[in-house]
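Multiple structures follow.
Paired with subunit B in one complex and with subunit C in the other, subunit A is shared by the two complexes that follow.
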Partner chain A sequence: MSPVKIVVKRREKLSRKVKALYTAVAILVSFLIAAPIVAALGINPILFYKYLIVGSFAPYSIPLTIINLIPVALCCISAIVSFRAGLWNIGQDGQYIMGAVFLLWIASLIPNVPPPLSYVLVVILGGIAGGAWCLICGVLRAYTEANEAVTTLMMLYIASSILNYLCYGPWRSSIGFPETFPLPQNYQLPNIGPITSAIIALAVLTFLAWLILDRTRLGLEMSILAEGTRVIDYIGLRYRRLICIVMFLSGFYAGAAGSLYLSYAAKFLEPGFIAYYGFSGIIAAWLCELKVEYSILASLLLAALYSSSYTMQATLNIPSYMIDALEGLLLICILLVHFFTRYRVEIRFISSSSKSSRK
Partner chain B sequence: MKTALELRGIVKKFPHTVALDNVDFDLRYGEIHALLGENGAGKTTLVNIISGVYSADSGEIYLDGKRIVISSPRDAQKLGIVSVSQHPILVDSLTVLENLALALDMSPRDRKFVNELRKVIEGFGIRIDLGKRVWQLSASEKARVEIVKALLRDGKVYIFDEPTSLVGLKDRLTILRVMRQLKDSGKAVLFITHRVDEVFEIADRVTVLRKGKKILTKNVNEVSKSELLEAMFGKSLTDTDVRSMSRKERSSRRGEILIVDDLYVKDDTGRLKVKNISLKVYEGEILGIIGPADSGQRELMEAIARLRDVERGRIVIAGKEVTRLKSSDVRRLGVAYIPDDRLSTGSALTLSVKENLIMRDLDLYSTRLGFYKYDNDRLRSMLLKVGLPEDILDVPCADLSGGMIQRVILARELLNRDVRLVLASYPTQGLDHETTKLVHDMFILLRDKGCSILFTSEDLDEILALSDRIIVMTDGKVVYESDRRDVDVNELREMLA
Partner chain C sequence: MRFLIIVNGILERATVYLLATEGSLIVQRAGLLNLGIEGFFAIAALVAYAVAVYSGNIVLAFIAAAVSALAFNMIFTVLTVHLRLNHIVSGLAVSMLGLGLSYSLGVSLVGIPLPSSISMPIVNVLGLELDPMILMSIIVAVLLWYLLYRTKLGYQIRIVGENPHVADRLGVPIDKVRYIATAIEGVLVGLGAAYYSLVVIPEWSTGVTLGKGWLAIALAMFSLWHPIYAIGGSYLIACSDSLARVLPLLGVPVSPYLLYALPYVLTIAALSIVSYVEIKKKRLGIPTALAKVYSREERARKYT
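== the complex of A and B ==
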């Protein structure tokens, strides 16, 4: 008979407002937990918070935040597409690399495609390569039941090795650094004022994802996929084909993230091209509860962390790992909130006398 | 007799309803106490409170005269309250033995445990294959596992939550026998049901709940059937009102809508469950199939609805061979299929009612470009036709009760398009009286409009009330076929006993 009892109970449905409040609390809590860690590094936590905001949302920081926003948001949508269908593509970073690699290759073969068309090609070529890379795992899942969470992650390491090989090997253009030749000028997306024009691509791609997932038959079929094979057979959907479509579409978004980033920001490939936007995208996907309409908002938070990490490194000399840690804290807090929105934990104190506790 | 469990003034509210309104209840050792009520009367909520799934908003619970607080299912178990769930929660990929070991915190390699297990199984005469994996089991077999699990626990109070609603005739008898054995050994047995006949068959006392309120508690030998029905439904209903259906004389036979020719079908485990079945369904008739549970009825229906591969033989619907087609192809021929497994086959639980209503007819609800178009007015009127509130379109199906889910399935299958053939696998099993009546009314209405219905049931009264023709299926074969008019009911009873 322990005097304290912890009881976990299922909750009744929470309203949307309460849920949003919970999410906000999760974000806040993860930031608060960071304070003692920062203090341990010998830095005033107040300064840390200041640069967290200044480094991402001050007028001069906004273009940098947007540069980071685009790949995070596209990887977020990539995760949403597959998670909603009950498939676990977690290799966005691999598809991101393959999207950029494929774009650089094709662009180097046909460098003179005129601009408006070449910009469209950036998205399409990257998307197709990322989609194809992810489709390999989709086919393996559909026909051999290989777990896609494992295969997509493994394929990330293969993609990363391909990137290294190209940078050190056949595509190396500089003697000093493992860098490839640059992307042909025609394929480099220009800025509109201080902000990259790739933001337009993000808007269009986000809208399309929302349209497909929430307004088309395919989107509905994809969410039925998460319900299991018996319902799929009952409706008469083609299970394997549907898995392949989901995985291709999911990979498409991650691949487009890579090719776009190459086009407006990186310009050439190097081993450091892989910036793990994919994992941030996954965190963002949980943050927005797999809803495309909130994906950009959720991704903005993660992108802000990226851009403030540069500022902090420069001004406070805080290692960028601190921001990685903050991201991890964020994910943990979000997942905890997901738990607390579904279950209620009651702590009961039972006195040793016969009087029993009441709620 | 000593009182085992006593509830005083239990209140439980849910967002839109009061599930239990100041309910008092007591259960004694050495009795079977039936808790009777329609779906939605609050039976399951009461069970959930006793077994620690929910906590009551107010009210007190006493066990052996002592005030207790049950805050989790584990608590309930520790106190000696054992419940047999209507939908057993089992791990699909594990064997029966492993599941039982898991539930009881034992090792499946523990000889003593396995021996004890075998003793219980033999002692209570339960047929079960310990080595089978759970995903291979039928609903009846799963129910058996759940009962064995309960028997292995040494409890004071046993709760059976509609244990007979999803099982076949034989298992029903087994369950009733188990309850009697428990009672004879001095245990307190709470038996939840919505079947009045079962109360008279087995219970000592009966409590009736209606819309969250306790209507009466009486000794069974001091109460009449009509009194119980009135307590349940609040209006006077006699036996014949419950069952009688206007049976229009079938006009001369028209064409054949379904031809099944020399069919062989296997189940999930690869066993041949349908062996050499040939049958025909004519336009505008209801053909009822009855037989012991798990005789291949489910596999036969699934094969015709094209959810299951055919080993040998032919299926022809409306003159078109469909043996190798998909379920969506036969759907487009005007075939409705109401599966017995409402929760994991018949509905997509995480999706909304709206999405569940359109998911089998996406061709009707999408434009050529693949965008879907909801006709909300039409969907709402479909809900009204099956007696559901029209404002639940955006509610996920998981939030509905079993009876409501079956109504959603009925609306989708029967009202979306012109239906020529209805395949219904145990369409009223486990349903409340009102929903059962709705199913029957809809079938009769469709039949009178010229549609054909092929259905399976465990309930002989239902088969006799609805069918124009009757088939008895045993061990994957048709053993008897007759027109309803020529049926000898006694002969049929003997065949099924």
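== the complex of A and C ==
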């Protein structure tokens, strides 16, 4: 026996304030760990921190942060919807692509829809395509029990192959770059002042998600589903149908993120359209502890990382993948918070007398 | 001649898939769903390339890759085994950290070719000139089969993946068994990743390993969690992979971009069929406790 014994015990529920404090510390710690990595790239960490703040929250950076906030927040809600039900949709990026692809296709067929209606179509078309893409995995999970975490990931690669195919193949409209034709003017969401009007869509969709998850029977059924399909069976609910509904809803939000981003920011598709907002959304979902009401706040932090990564790439020549490393660190630190708020670690020193008595 | 090049390409890719799949297979058998494989695959591929460029020694590069993958995989193990955190989210975190680190630190290696001293030795087997890694990957598969089905450790790994509570009652040291499984995974995936960046590709560019690690997880499921079937699965996927490069060369009017999706489509289809057969009460190898957090004190909470 080693003289030190580490005991892990479940602890009482912590107050919200203490949890918030722990989370704040985790965010700071993850940023501090980033310093040596940045230094390894040959960049002054002080400059790194400076641009991290300036690049996201300086007055001229705020519109860019908002542009990134919308897809991150919608992917965050998409993750919340599925995680709450104990389902692991982690292919938000695939649904995001399919939402945008479907919108561009339909919009090119009917380009003359008048504006207020076309804006609604942006959300609905994208959402339906994303939902359908995710529903494939939902159906497979419900009827064959294929692990949805793996299938949604695989579907992400299939979606990105489709995106590449369209950009290099039938939809290519520029000779120099693999870019598609632009989205028809009627479908492009306008700006209100410096900020995009898609923020209204985000507000409405977030409110709807909160309503569904926290105020309806469906939301309650979803949280029961998380306890296991057998429980749902005992209550007499049709869990297969419920799995399909949850996966569709989850995909809907990720798909809407893609179509909205195409509509207010990207305007056309290119292989670089996939910006991995989905993974950031998953981190945000974990950061806000799967609570829709805090999702925008959590997503704001991730969106800020995105917009500062553009600034840092331009000014400090930091590769954009650096931000992924930072996001990974952030998620690990948040996970540690989850552990330390749920469990208490006790280190016991076993004295030599008790050690001998045990023998 | 062209035919031989195609066959060689399939063999090389299958070797990468096979090594990574065997690694993923053994941790899944121990009940861990390690999505972090994408991250340490990238880390190991970069470490192998960097060591090869700076030292010019291929053996050293392989060893460094295996060690780095092993070390990096320990983050996942600590998070899930000791800290009882969710496997999927922990795996994603490790993946993001690994991808981010390897592609941002690897920027300086983009465009730097490997030194000429880096080449695989060739062994002659039955008149065929083969790379020793191709043979080794198959030997590894057989060894893993022996380990899983013929040794005490293998039995322990399987029962931990099947039902950790029963394993605990039987006195199996669960944490230790899971550590050993992830250590084996780290080494195998590290070797596969090194082979990928040094022999299959052989160059370093941003995003070069994307999707390879996660494909291995699906391949392990596709192969029914059986080390010998994994040989077939890896070679099948490597064949479909090479179609994407070969068909356009032969003048077949198929977009290579759509063919890149083929391995993933096949994997989803196979995974669904396999899972369906399993729920129809045909015993396959599915580890029942896969991706379930084990905590000794909280039995009632986790199993309903």
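Quick notes
One rule holds in what follows: the second predicted complex is superposed on the first by the 344 of 359 C-alpha atoms of A that agree within 3 Å, B and C clash if a C-alpha of one lies under 4 Å from a C-alpha of the other, contacts with A are read in each partner's own complex, and residues count from 1 in each chain.
In the analysis below, contacts are C-beta pairs under 8 Å (C-beta built on N, C-alpha and C of every residue); 3 or more make two chains touch, one makes a residue touch a chain.
Given the structure is predicted, the values throughout are model-derived calculations rather than measurements.
When both complexes are superposed on subunit A, subunit B and subunit C clash. Legend: residue contacts after superposition of the two complexes on their common chain; A:K5 is shown touching subunit B, with no touch to subunit C.
In the superposed model, A:I323 makes contact with subunit C only, not with subunit B. When the shared chain is aligned, subunit B comes close enough to touch A:R217, but subunit C does not. In the superposed model, A:I235 lies in contact with subunit B only, and not with subunit C. Residue contacts after overlaying the shared chain place A:R348 against subunit B, while subunit C stays out of touching range. Residue contacts after overlaying the shared chain place A:Y165 against subunit C, while subunit B stays out of touching range. By the touch criterion defined above, A:F279 lies against subunit C but remains apart from subunit B after alignment on the C-alpha atoms of chain A. The wider contact with subunit A, measured as residues touched, comes from C rather than the other of subunit B and subunit C.
In the superposed pair of complexes, A:E227 makes contact with subunit B and with subunit C alike.
Of the two partner chains, subunit C is the only one touched by A:H338; subunit B is not. Shared contact residues of subunit A, touching subunit B in one structure and subunit C in the other: 8-9, 227-228, 230-231.
Residue ranges of subunit A in contact with subunit B, taken from their complex: 5, 7-9, 12-13, 211, 215-218, 220-221, 223-224, 226-228, 230-231, 233-237, 346, 348, 354, 356-357, 359.
Put simply, subunit B touches subunit A in their complex at residues 14-15, 54-55, 67-69, 71-72, 306-307, 326-329, 331, 337, 339, 341, 344-351, 355, 358-360, 362, 365-366, 370-372, 399. Within the complex, the subunit A residues that touch subunit C are 8-10, 37, 40-41, 88, 90, 140, 143-147, 149-151, 153-155, 157-158, 161-162, 164-165, 168-169, 227-228, 230-231, 279, 282-283, 286, 318-319, 321-329, 331-332, 335-336, 338-339, 343.
The part of subunit C that touches subunit A in the complex is made up of residues 33, 35, 39, 75, 79, 82-86, 88-90, 92-105, 107, 206, 211, 214-215, 217-218, 221, 255, 257-258, 260-261, 264-265, 267-268, 271-276, 278-279, 290-291, 297-298, 304.
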